[in-house]
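Following are the structures in question.
Two complexes come next, and they have one chain in common, subunit A, joined by subunit B in the first and subunit C in the second.
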Partner chain A sequence: MSVIFGLAAAVAVVAALGVVVAQRTLYSALALVANMVALAVLFLTLDAQFLAAVQIIVYAGAVMVLFVFIIALLSPGAQERLHPLEARVLIGGLAAVAFTVVVARLTLNGVSVAASGRFYGRLGPFAPVLVDRHGQVQTLGEQLFTTFLLPFELSSLLLLVAAVGAVYLSRRRRAS
Partner chain B sequence: MTGWSVGALPWYPLHFVPAVDLLSALPELIVGAGMVLMLIADLLVPPSRRGILAVGTAAVLSAALVAVIWQWGGAAHAYATFDGSFVADRFGLFSDALILSTAIVVVLLSPPYLAGRGLHAGEYYILLLASVVGMLTLAGGTNLIVIFLGVELLSIPLYVLAGFARDERRSQEAGMKYLLLGGFASAFLLYGMALVYGDTGKTNLTAIHRVLLEAVPAGHVSPLLMAGIGLIGIGLAFKVSAAPFHWWTPDVYEGSPVVVTTFMSVATKVAAFAAFLRLFSTTFGSAQSGWTVPLALVAIASMIFGNVVALAQRSMKRMLAYSGIAQAGYILIGVAVGQPDGTAAALYYLAAYTAMNTGAFAVLTILSSRGRECDEYRHLRGLGRREPFLAGLLAIFLLSLAGFPLTAGFFGKFFLFSAAIHDGQVPLAVWGVVTSAVSVFYYLRVTLLMLGQAGETEGMDPGSTGGDQLESWAVQTGDRRAGWTLPGRVLVLTAAAATLVLGIFPTVVYGVIQGIHAVTG
Partner chain C sequence: MGQAAVSVVTLAVVRAPVSLPLTLVVALVKGVLVVFALATAAAYLTLLERKIAARIQLRIGPNRVGPGGLLQPAADGVKLIFKEKAAPAGRDRVLFQIAPALAAGAALFAFATIPINRTICVGGHGGAGPLSVSCAGGYLLHWDLANVNIGLLYILAVTSMGVYAIFLGGWSSNSKYSLLGALRSSAQLISYEMAVSFAIVGPILLAGTLNLEQMVHQQQGLWFIFLQPLGFLLYFTAAFAETNRLPFDLPEAEGELGAGYHTEFAGMRFGLFFFAEYINMVTVCSIATVLFLGGWLAPVWFLPSWLGPIWFVAKAGLLLFVMMWVRWTFPRLRYDRLMQFGWKVLLPLGLANIVVTAVFVAVR
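Entry: the complex of A and B
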């Protein structure tokens, strides 16, 4: 498991670097896709299956399609080269370092949940046993088909009728 | 870390199975299934025979109406199912019956009208059925999530239906305006719900009701909760088109095909008021001192604005739109008064409104089924001689809207105003009576217009193309058969009969309504 985790983490880092370094915007976008898929694999190894699925569907799927669509629409040429000492490069670098420090500290010291005011260590309520139970898609499905059965079915009907309406409005007019 | 592979997962049984009673949602299930059925039928039915779809849709709606009547007996002590998110109580069922009746009338009147305007597409029936599912859900929803989804399911098909005449600029404008302002209203509604959830931690109305019951006597109602209630009220006021949240109404009503306008103006209002009453009179009832004054102000503003601006209209749809704003104001009196008199009076008025407004629009639909929209006042001039029967029926509906005795509108207003006086909210009743007197002018104006000569051109530019249009319109009305179908005849007569029964024997319906109250769980 840790091998897969390590590999995925390495791919994520390389892909993230690729986003910044790539010469063409489209390559940056593709590197971002690789990064998001690698992150999804990380979630999977951490027993967060639903998060992994959402990561693929929403980010790697919908959001990236939008990105690529906009890139294709604006069709930027070769990128202007950034000087390594330019202000925005420096600011961006500083922000990245600060973010890394914060995340590292949180990871090493455990996460405190502000809402309840109690301190939660790494073996607190998010211990592997509990993550195992509640992070699973099973829990979510169970809720969807019991407590939230009616809203779930209503949403599906809503999506269906939205599609029907969109097809009607955009359909080419028939020769009459 | 263990337990990654699925095989290693321990099986957790369903530890909690909420009460899911599918029978309580029978009307919704019938209409929803009917919608899917029509989706398939649309592919099989040849374009020239789309009337079959109308008959099928009406059959589905009638089946749902039968289900509602069947549920009525057992609904006296109904409790919420689907984990407390939906209830088939008599309050909801009564609203369901009004919504379904309106939908049946609209569907059966649609084919000749839509065919006449070249709009007869199968999607019309599918969208309409989906909207009905949303309305029925809204009338019985006892959970904020379900209520929100009901509002959306009601609205999204209506956005498309408002723009159903895709090639006409006014219809496009109506669809777009309704979409933008409807989305705006939904945002208010959702934000309000989020605040209520944020404060109470609950989405079930029963639980919210309980929180309020404890908080109000102790004086611990948080501003967050009151802000949430206020925003929910604004969101719903948009949907019932109460002033000052009514700006979309005239343009959308005017631009939409008249059958859609009928459905929109009656069924939407009934469903939204059902949710309004359930939320405000019951759930937020204990916090009434906090919202009753703003709500009364909205009611008064709607009555004044709707009735005064309606005076200046020259289009039937716009006049009925402003009249609808005024009617929303009257019904809001019932919400502001609260349980139990206010709720009963509001339900009675909704029944009266369904009969008279559906009837008035049905006559317009029949007149419009001859190829051209019969909308402007001048189109109605002399109708009394050309078609005395239709003109007479339209007169009954208009007089009822004005609140003349022996019609439904009279007792509708009587119950509302007396409930207001009974509750000590005399200004509401006074403003109601004053604005009703104003409304008589514009309703009578149309009625008298129908008695006039067809050739008179008073108020028209003699040189404009209007004269030609009028002429061609008159030529088209020569085909008196079009639109005047058997179902059309039966339905308009039924609406007229309902208007008179509600106006002459009010106890028939009021006796049924009197004991009803909206339950939350």
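Entry: the complex of A and C
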């Protein structure tokens, strides 16, 4: 278990570094794919199989395929080199530090929970006991269509708007 | 942790208290067996394909190597291994190496959750039926590598990785034919993945589960092909496009593109792409068998049900034969027609099928 966690975590970190460090844009995108697959493996070790499958289908399988497609065909920024003290690099660095603080706080929280063996607070709808009883997909589906119905429908509306917008943009260009 | 013993190597949640080493050994043995079986099946499917092609074209086909040509795949394999690995000069060296391996890997991985028989209890009482698993004092043997409750989604996820192999293979070759083949195949695979996803929602609605073994149990008595004839046709049609088979083999249309995305690959690098195509055929036919043809269930009630794997192989084999039959009978579609067919025919039909099935399930 921990061996697999270690391997997947190492791959995830190396791939994430690869996204930033790689000289060629296509390699960055492929490193991001590797990172997403490694994250899916981490989800599996947490017994979140549905999330793992969706992570691969949606992100690695659909979104990144389009990224790779566009990069390979148009190769944007192939000649562009980053200068280390550029404004966007500094802003990105600050954001990374802030994010690290948040993640570290959560991790320490998790460590203390694991050390004491107790979880203080309410068991959510995805508590392992409940998921084991009803099955993963069933639990998730039930929660999506009851507790989280409004956010779920709102996000589907957002996707619909994006799709309509894409159709509109492609239409207008053809007319002119 | 500690809620359920999870063995991640097999991607399966093991409910019975079984020691970890035993689980690992069983997973390893099953993995080796599946890879070996798939490799052999792929090799002999090439021979079968040539025999069927010869039959349809009133020829005899390969019959020189071994009795009746039975050793032809071995000869082909040896030839591929010893061939010069010619490669174009301007290639992307890393991706050119990785792409064939990725193709074969994605094809092999996809088979992990397909059950070829019902779960049986070795050395104890009990067994597995619909919605019940019991095995007192024995070992619960699953006939798939991973008995997960998202089996179908897992297959969709892994097969969607195959697009990378084809696209990167074509792109890294630095050749116009390869790039055109790769472009066509990416567009085609993404479009027809939608059709596949829509087609399999029908059986999912009927069975109420994504676990492939439970889906087969739900078909006891009546296979889903009788409840979902349109779904089956949609799935099987889209499967031709997913595996780049004629009449949808535009990514490798030899008449116009040389060999499409694998034009520049030689020797065993080409062999791996070829190998992946045949394994993908086995996989899509196995999925169709599980979803629509009742998996390992006996075709007629008076036939023995303990011959599960035989029935499974027979049904998948029948579908494989149809795939080959179609290849040597139908002409290739034009590319724009192919995309139109996918988006304007298969997709709306798939949606209609989902709506009708959902209403049927709701009022049932």
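Structural remarks
Heads up, the rule we're going with is that the second predicted complex is superposed on the first by the 105 of 176 C-alpha atoms of A that agree within 3 Å, B and C clash if a C-alpha of one lies under 4 Å from a C-alpha of the other, contacts with A are read in each partner's own complex, and residues count from 1 in each chain.
Just so it is clear, contacts are C-beta pairs under 8 Å (C-beta built on N, C-alpha and C of every residue); 3 or more make two chains touch, one makes a residue touch a chain.
Keep in mind it's a predicted model, so treat the numbers as computed, not measured.
Once chain A of one complex is fitted onto chain A of the other, the partner contacts of A:Val13 are absent, as it touches neither subunit B nor subunit C. In the superposed model, A:Val33 makes contact with subunit C only, not with subunit B.
Touch criterion met: A:Leu169 reaches subunit B, while subunit C stays clear of it. In the superposition on chain A, A:Ile56 makes contact with subunit C only, while subunit B stays out of contact range.
Applying the stated contact rule after C-alpha superposition, one finds that A:Asp47 touches each of subunit B and subunit C.
By the document's definition of touching, of the two partners only subunit B reaches A:Leu154; subunit C does not. In the overlay built on the shared chain, the residue A:Gln136 is in contact with subunit B and with subunit C.
By the document's definition of touching, of the two partners only subunit C reaches A:Ala72; subunit B does not. Within subunit A, the residues touched by subunit B in the first complex and by subunit C in the second are 1, 44-45, 47, 128, 132, 136.
Across the complex, subunit A meets subunit B through its residues 1, 44-47, 128, 132-133, 136, 138-139, 142, 146-151, 154-155, 157-158, 160-162, 164-165, 167-169, 173, 176.
Residue ranges of subunit C in contact with subunit A, taken from their complex: 3-4, 6, 8-9, 11, 13, 95, 148-150, 153-154, 156-158, 160-161, 163-164, 167-168, 171, 183, 186, 190, 209-210. Put simply, subunit B touches subunit A in their complex at residues 1-4, 9, 12, 14, 16-18, 20, 25, 32, 35, 39, 82-83, 85-86, 118, 121, 123, 126-127, 130, 133-134, 137, 143, 145-146, 149-150, 152-153, 156-157, 159-160, 163-164, 166-167, 175. The residues of subunit A lying in touch with subunit C in their complex are 1, 4, 30, 33, 37, 40-41, 44-45, 47, 49-50, 52-54, 56-57, 60-62, 65, 68-69, 72-73, 128-129, 132, 135-137.
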